[in-house]
């Protein structure tokens, strides 16, 4: 298959001006991003690389980082983490606090905010320097020592974290948060502030496409047995209350962020990242989803 | 009517050992109270006083204080407060966070925790020394300079305030909290820690039975027009999700606290307080409700 | 007090064109009513009668009839009915099906649709000819043999009863409906189709203002003990999710219907009915509520 | 890979007496099934067949039939069906009526009851003889003219259909049901009463493992483009509120039924069916899930 020509046709078919979409504005720094950015990078397991557009410009990966924090926590605590967070889709956008209350402080899954905060709490319990240690882990799996946090974004979000504080206090009232709330929040906003290009993002997620082996060294740092479970969680929970829609249209496990990035993987085949800051009403990149739908349709490489 | 003999018959008919009920244990200091305490005090508008049992022992009035904070805030801000808190019953015990989320941070009414926290926020905005000024207000309407906070209870609750913090952070995310969260929480736990005897409580609430006039001086410090509205809110919202049951069985506006106190008033007739720490599953004094039901049945003085 | 001049001033102060309000349109027959109708009738316990406007024109009392069915069922089954329906406010407009599901088919109170359907089921179990027997009961308490159903309205509603069918089937799945669903629905729509004038409505509800005695004969047909409980339920549940607002603004037990009628009572003083078909967004007569608020403000006769 | 020896080891490792589980009892006929039945059948794309236990005994496939009705409706109406039913996981077990109400009568997905009833409504609109035509379709895709309904089961369920009636009436109130409710219910219970063996079930679902081609003739009766979407829906919605758990543990698209059957497919590899009537608290076969988890672990053939 000629992947580059497929990517070219995707770039041509998608007219970014056809898509409405709003740039995330609740984090002031993100609101400054040019809404017409659009890029895509496909990394095949045989090391083929294909790309177009703004694929080499860094953007804030935001919630996509939750998958990376999750795999790190899973390595540290193994199956013990599933006592503190469930693996079910969250149902609807208002459910965060509702479900937490009905379900005694156990978040529905580790990819919604409440669950990601529990994962942060777990990492804070284990890591000496949570921010530095997590960054080193990311640099290792991406085989890229230049990956970094964006302090401006981290601090920009911090001022708006009342809702995350509410979640943390509520979970603490149920005994499901162990560490100091300010420390967790600080780590959380740094984690979300990681910036990557489409290329870097697809390279980082080769870990999930390649059964736990990292780029470059090909070292197996995570057993497949755990990788497949995280892939399963991305499949059912990776897109807020649009997980079903992404599964239906694209047919790959993946994760989106409000920075407009989406990463998706096809186990044993490829990892792919798309970026466009215009978000649909559910908070996912409208153009990113359209591009990935075209990719699996044209390549006939959905996991289904 | 011979009120004292009616009270005596209530004391005799109620066998406190027939009631199960649990003493509130989420505030450690409250858990130490003798579960078999039981007292009642009736203060008639013509100044008749009738009582039995432990009616002269002070207890923690807890949520009953929310009515007192409400009338103070209502005086300070008038109808502007209804933009920040509604006057509808809250429906069910789990609703606090749920409703806040669906209704954009506007609490259902000022007598549930979320609403009482908004009222505290309003008082913190207006008062130079919230704790001292509020205490002085209470001493004035009760015509009793010995009323005080119980610091041990205040501090005991403070350690368990994660859920209230969650509510405050959530409301702050909607812009409905203006002051520093720690300051509000500190004022809130002090407010709830007020201790009174049944006698003092009934005297304090004569304000509501007597169209806004205070004891002793008979000074009209609140216009009737506002008193009747607070009485209406007590009627529909004074007993968490058991407001309908209290209205159905007792038929008076009133308010309960997890310390086991209940106060109720019959406009133009009397104010009455009962105290017994055993709580029913809805968090209201089981024996207190039974005693008040007997009172309105025997005197045939329900407002209905 | 000169009640007629108070009523006159209410009629003058209210400019019906100031109120937006929508005429109920889900029942086609009701949609035909002139939206500018407005009348009021006050019946004092000493037999004084005061009125203005369209107070002698019959309208569809709709949900107001639920109170009348309730008192009849209460007489027939006594406290057994409270095992099948609760007495708590329903919280929010979407709750009907939600609460039924969470609370195992037990409706929140007898004045929401689900509860009223259970009451119909109880009447169908007891009455030989539900429609005829209920009508005779109404004629008796109103001392008025001309009261009747409006068949056109009853049949008009029947075609739109899918939601009530849903409620009945759901409750039947929990075992809380005993009779044939079609029979209950048929009785229910007839019950709701009763037409009365403001004068007739206030006369009928003298039963609740006058401790269970009916007009004309003064016969005590219901003991006060039961009347006060129904009054309490009207207070906390009579206005859907606006019960708190009505209590707050008007301060009387009452009940509204989507035909634009509102009836309210002041125990031992009076019964009053107002009618104006323009409904506020919560489904209650906007002008009717305003008129009643003026009445209790001007007469200073709220129960609070 | 030696599939038969893998299946043998699964049969040996699972001690059915270690599993609690309750046989579905809300359908009387199903309650009669021997709770210790256990069988499994694996059908590989290369036509290899492997099995153990009670794999040749027919059982009631119940909700598994919803996938078959869905693919038939999808063929008939194409993407128009997604205007009447969404493709998102349903979140929690109580949500059926709740979500329908909040989301204006649009079911969350076609594999929960509400959605399956909409699909039945669509089929009733298109088919001359819904029951016969649907059965013929099943016989065609399974290449098996002996597949049939179990009338006893169909009639047994019919008596308990109050909740489904509630769903249908509620959706009809929103205009999302077009045909007569009794007709839909009748078709629905027949559809659910289909009986198959594990062997027959896995053969039928080869359609989904084999890109839309049927057994025997290898005729492509459904384009892959539609098959992959149904597989995606099975992935995110096939196990009520345990879809995330199944994805996490097993990692295959599939569907369960309260008769104790589970079918799952690995696109381009195999279709597999397991049967054991003991249900876990979420209503899925406890042993079936354990067997499938062992299968994907031992074969290392999860889609992730």
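Note that the chains take the letters A, B, C and D in the order they are written out, and that residue 1 is the start of every chain.
Basically, a contact is a pair of C-beta atoms (placed from the backbone, for glycine too) under 8 Å apart; a residue touches a chain by one contact, two chains touch by 3 or more.
The structure displayed is predicted, hence computed values, not measured ones.
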Neighbouring chains common to chain C and chain D, by label: none
Centroid-based (C-alpha) most distant chain relative to chain C: A
Chain A and chain D: spacing of chain centres that average the CA atoms, whole Å: 31
Between chain C and chain A, distance of the C-alpha-averaged centres to the nearest whole Å: 55
Residues within chain B bordering two or more other chains: 102
Listing of all chain pairs that touch each other, if any do: A-B, A-D, B-C, C-D
Touch list for chain A against partner chain B, complex: 94, 96-98, 100-102, 160, 162-163, 165-170, 172-173
Chain B residues within the chain C interface of the complex: 86-92, 95, 99, 102, 109, 224-225, 227-229, 231-233, 235-237, 241-245, 247-248, 251, 253, 267, 297, 300, 302-304
